[in-house]
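Next up is a structure, given as structure tokens.
Note that the chains take the letters A, B, C, D and E in the order they are written out, and that residue 1 is the start of every chain.
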Amino acid sequence: QEQQGNAPAAQETENKEVTLKVATLIPPMTEMLELVKPLLKEDGISLELVVLSDNIQPNDALANKEVDANFFQHVPYMNQYNESKNSELVAVQPVYHAVYGAYSKRYKNMEELPEGATIAIANDPSNTGRSLVMLEKAGIIKLKEGVGINATVTDITENAKKFKFEEVDLLMLARMLDDADLVLMTPAYASPLGLTPKKDALLTETTDSAFAITLVARADNQDSEPIKKLAERLSGPEVKQFLETKYSEIAIPAFE
Amino acid sequence: MISLQEVSKSYKSGEGIFEAVQSVSLTVREGTIHGIIGPSGAGKSTLLRMMNVLELPDQGKVMVGGKDLTTLPEKELRLARRSIGMIFQQFHLLNNRTVSGNVSVPLELAGIGKKQRKERVQECLKFVGLPDKARQYPAMLSGGQKQRVAIARALAHRPSLLLCDEPTSSLDPGTTAEILDVLRHINKTLGVTIVIVTHEMDVVKEVCHAVSVVEQGRLTDGFELEVRPGKSDITQRPSYREQLLGKAGMRDV
Amino acid sequence: MFDFSLMLEKFMEYRTQIAEAVGETFLMVGISVLAAILLGLPLGTMLFLTAKGQLRENVTWSVILNGFVNVVRSFPFLLLVVFMIPVTRFLVGTAIGTVAASVPLGIVSIAIYARQVEQSLFEVPRGVVEAAQSMGASKLGIVCKFLFVEARSGLVLGLTTSTISFISYSTVMGVVGGGGVGDFAIRYGYQRFETELMAAVIILMIILVQLVQFAGSMISRWLDKR
Amino acid sequence: MISLQEVSKSYKSGEGIFEAVQSVSLTVREGTIHGIIGPSGAGKSTLLRMMNVLELPDQGKVMVGGKDLTTLPEKELRLARRSIGMIFQQFHLLNNRTVSGNVSVPLELAGIGKKQRKERVQECLKFVGLPDKARQYPAMLSGGQKQRVAIARALAHRPSLLLCDEPTSSLDPGTTAEILDVLRHINKTLGVTIVIVTHEMDVVKEVCHAVSVVEQGRLTDGFELEVRPGKSDITQRPSYREQLLGKAGMRDV
Amino acid sequence: MFDFSLMLEKFMEYRTQIAEAVGETFLMVGISVLAAILLGLPLGTMLFLTAKGQLRENVTWSVILNGFVNVVRSFPFLLLVVFMIPVTRFLVGTAIGTVAASVPLGIVSIAIYARQVEQSLFEVPRGVVEAAQSMGASKLGIVCKFLFVEARSGLVLGLTTSTISFISYSTVMGVVGGGGVGDFAIRYGYQRFETELMAAVIILMIILVQLVQFAGSMISRWLDKR
């Protein structure tokens, strides 16, 4: 890929302070990065958040060296990207699990769901796949052999109760509770409605999920000092405490 | 029919107030053809436009057929205007309607049926000598033809009062004579009152029963004229050469 | 840059989904165009009539109507969609799907076209209105028989430009499951990295937009007799 | 100066082809004032517009100052047009420019400096009797005033050929006489060739050296006229009343 | 519906971020308006001049220029942003951030305003061009001294409408980190369910749009001497 006047990765400034650019999307990721910002300052690293609102661009930006790392995705999604774009993004540090859950306003458990009920799922590929895989694991549908996280609605081979799937934007999921019989979403979207996976979900992902939100860098800088420092801070006690106090219900630390 | 009472109109412009019409009082008797003459910029058009209150006077009354148009509620004003035809100095035709479409508009507004409308449109176009241009658009017409469409449009709904702002300014003497014949005819047989703003003295001499002279926004003179014997004999009009040189022509070029 | 045979192949592979997406786009844009004509045209006319110095000059109404149009246009479209969910649900019973997506799209369409209408009407020479008034035309008569007639080529061009905007807006209606060609291109092409498929679908959109513009320009020129 | 050779122009319309000008040949001698007269719709404007090829003839040559304008490359045509002034039947003023702005346009195009431009504009506006309307916009003018702005604009860049399409159609006799004096003056002192389309026989009698008659798209007559003694004495023009009634007035109204 | 004191409180709490967002919006929209005037105006003029029956009628150029405008307008905006990343990077050195976001926004702005310009020029009466030609004006002279003068109120109204579209488009520039008020509203208000904050920011946008529209209408009316 041609690079033109591209800001070099970790830039040395006059007072030897290093600037580290990290792409991210929404809270709690942004909040966690904000939290470690002053901590990294102590290490001589100036952390700069690049907040984007699309889940391809953070990877594109990282692959094109416009940022030094990103923090918004889980590893399966990253692998999907690497495969498609022949890039070499690497997982550096898993930070937290966000447990997917299925919520409903009308029904108390999965058995109550009537035949032909509407299920709202996210419309971006990784979350579509993730939702369908979750439903498959719960034995509600069957998917084509071996599609895994790449599954789409067309890959459903068995759908005993003839559920209808509506794919809507991630951001829209929470608003769909009134319209759909069942909504599958991450805690980040459910929590503002006062819903938590533990208490309210009719169905949750199994906790050994591979979907921990992970700090991602490139093959060429994963071992650089600033990235290591960032990984260290993101898996440090401050973050752990922050998650446990503020997001105890919805974000489980993925590090010791 | 019309009585303007002390009407005035002034325009604000960058450099102060311009008094276009200054307390003019004027009476147009029912059934007459009344001329308004005066130099360019005197206020003739403004005065004429006050007669159907397209231009609302700053003060004064505009009595038409016994009603003061300046105070009439909108709906009644609309009705009153339906019986007033107007020919604008700049024609104001609808460019996106054909010639017959233009003439038909006042009839449509009056709710007249399609068939009758068509007949009347043809009739009016014949009056002004344009039956063969019925399906053309105004952009395809010559200046004089546009003017004649405007005349036909003003006549279409058989108004009882006709306001004409220089209706023959773009017409040659022959066509002018024809149009004047039409005006004289509807005035005589249907009793239509006609007000004509013009700067052609021949037009005044030919058809007007009375004349008002406007200069610098004021009425400076007004008098009656002897009524002419009637229809001029168009077939006997002299040729252009005769009009200009007399019966004997001069060197050809 | 692109492999055309691969594009064609991909296109064929996904043809049923693409056909469905095209249908969704037509539905959403069709409803929007209808809303623009049925409500945007009158609204734009009112904007014009109530403006300063015009036929029905009325500060209150002018402020209200301008306010409505400006408010609709101020909202980030995504938020408008969200804000309107209760309205949408009230109107069509659900807030998800193509028909539901047409509600916010229609509202935006009305606002967009109303401005175009207003602008076109401002171009009509004053003399036309005067002629209408001298004939004792009612306000409605002036609008229908005079203003619309003389502004018609502009009204059509405005509707053309607006329709292309509606198509553009419709591409983000995926947020509420509206679907459509643009959403298809984003979801299948962009998010699943099927570049050839995306290119094929975009070419489809370009053709669609070209057709709309071409038809609009032709009709406008044909209607213009000035 | 001008020689039209067998020029024709036809328009396609829904109902077939309309031949507006049919193989007309016509010569306008340098330094003369040439009238073109004829009934409404005869093709006078079309003919005039061919003289600076605003209307490109379907066939025939348009020789102006020795060059065939129909075949001139664009740039040279532009230069040629710079020395031709034109007064349009419908004026074609710029509505968004003031009166002086309108008159100034041809000077701007000719690249004349600001100060000189200003002087010349004032001068031209004085010619047509509108110095006090310099800062008004056309919408604020009366019909005749607009026409006079168009005349001033055509005179501004001192053209050597002036094409006038009914230049006095909206003017009263007094103003007409003034304008004709101006035309006669520039013709006499500067040798400007002038072509006037008109339907006012008085105008022709007053200023034209030669006349062509156009009827139904054909040249049907052409002849020379005796040249008048010169400047008419405006101050002694009879009043409107005298023009219409003779020295002794009639009943007042 | 909303608690105004809470709104105000939230607004004050986030005032530095909001100020920054406003700055970003001004930067993006400012660049777009500049692009629209500097490039959209000439492009729209060329669209007009090369159209059928116009001064520089030229089928080839007409097709090319119309093609460009239509292609830009056909792209789902998100995909245009993505497609243009290499161009953006070439032009401003990066593809991320407010300045980078201005590149695709600017391109769309040029296309949008070009159409408005074309439409306004179509409204100029033919006689104006004839008068210009009779004076021997060059093409450039006809455009600058005649067409633009007579179309100016329409050109300003068109720019007003376009600017509001640019503001609207700028709200989705969050994809490449463009920021701005709209993105702020979506990010903080919508995604974090800070409804009061969102409402406050939207009110800010409404005020901004109202101001643009009001100024545009005023200037247009003032320039219109017809």
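Here, a contact is a pair of C-beta atoms (placed from the backbone, for glycine too) under 8 Å apart; a residue touches a chain by one contact, two chains touch by 3 or more.
No experiment lies behind these values; they were computed from the predicted model shown.
> Show me the overlap between the contact partners of chain B and those of chain E.
Under the touch definition, chain B and chain E have C, D as mutual neighbours.
> What chain lies farthest away from chain B once each centre is taken as the mean of the Cα atoms?
Checked the centroid distances; the maximum from chain B is A.
> Farthest chain from chain D, going by the mean of C-alpha atoms per chain?
A
> Quick check: how many Å separate the C-alpha centres of chain C and chain D?
Using C-alpha averages as centres, the distance is 48 Å.
> How many Å are there between the centre of chain A and the centre of chain C, using C-alpha atoms for each centre?
Chain centroid spacing, chain A to chain C, equals 36 Å.
> Taking the mean of the CA coordinates per chain, how far is chain A from chain D in Å?
Between these chains, centre-to-centre, one finds 79 Å.
> Quick check on chain B: which residues sit in contact with 2+ other chains?
90, 139
> Which positions in chain A are in touch with at least two other chains?
56, 171
> In chain C, which residues are in touch with two or more of the other chains?
Residues 78, 82, 125-126, 153, 190, 224, 226 of chain C touch two or more partner chains.
> Just spell out which pairs of chains touch, all of them.
Every pair of chains in contact is listed here: A-C, A-E, B-C, B-D, C-E, D-E.
> In the complex, go through chain C and note every residue touching chain B.
Touch residues, chain C against chain B: 125, 127-128, 130-131, 133-138, 141, 145-146, 149-150, 152-153, 223-226.
> Enumerate the contact residues on chain D facing chain B in the complex.
11, 13-15, 27, 37-41, 44-45, 89-90, 135-136, 140-145, 147-148, 165-166, 169-176, 199-201, 204-205, 210-213, 221-226, 239-241, 243-245, 249-253
> Which positions of chain B touch chain C when the two form their complex?
Those in contact with chain C are residues 52, 54, 77-82, 84, 86, 88, 90, 92-97, 105-106, 108-109, 137-139, 157.
> So in the complex, which bits of chain A are touching chain C?
For chain A paired with chain C, touching residues are 55-56, 81, 84-85, 118, 120, 123-125, 166-169, 171-172, 175-176, 178-180.
> Write out the stretch or stretches of chain E touching chain A in their complex.
Checking each residue of chain E against chain A gives 78, 82, 85-86, 89-90, 93-97, 172, 174-177, 179, 183, 186-187, 190-193.
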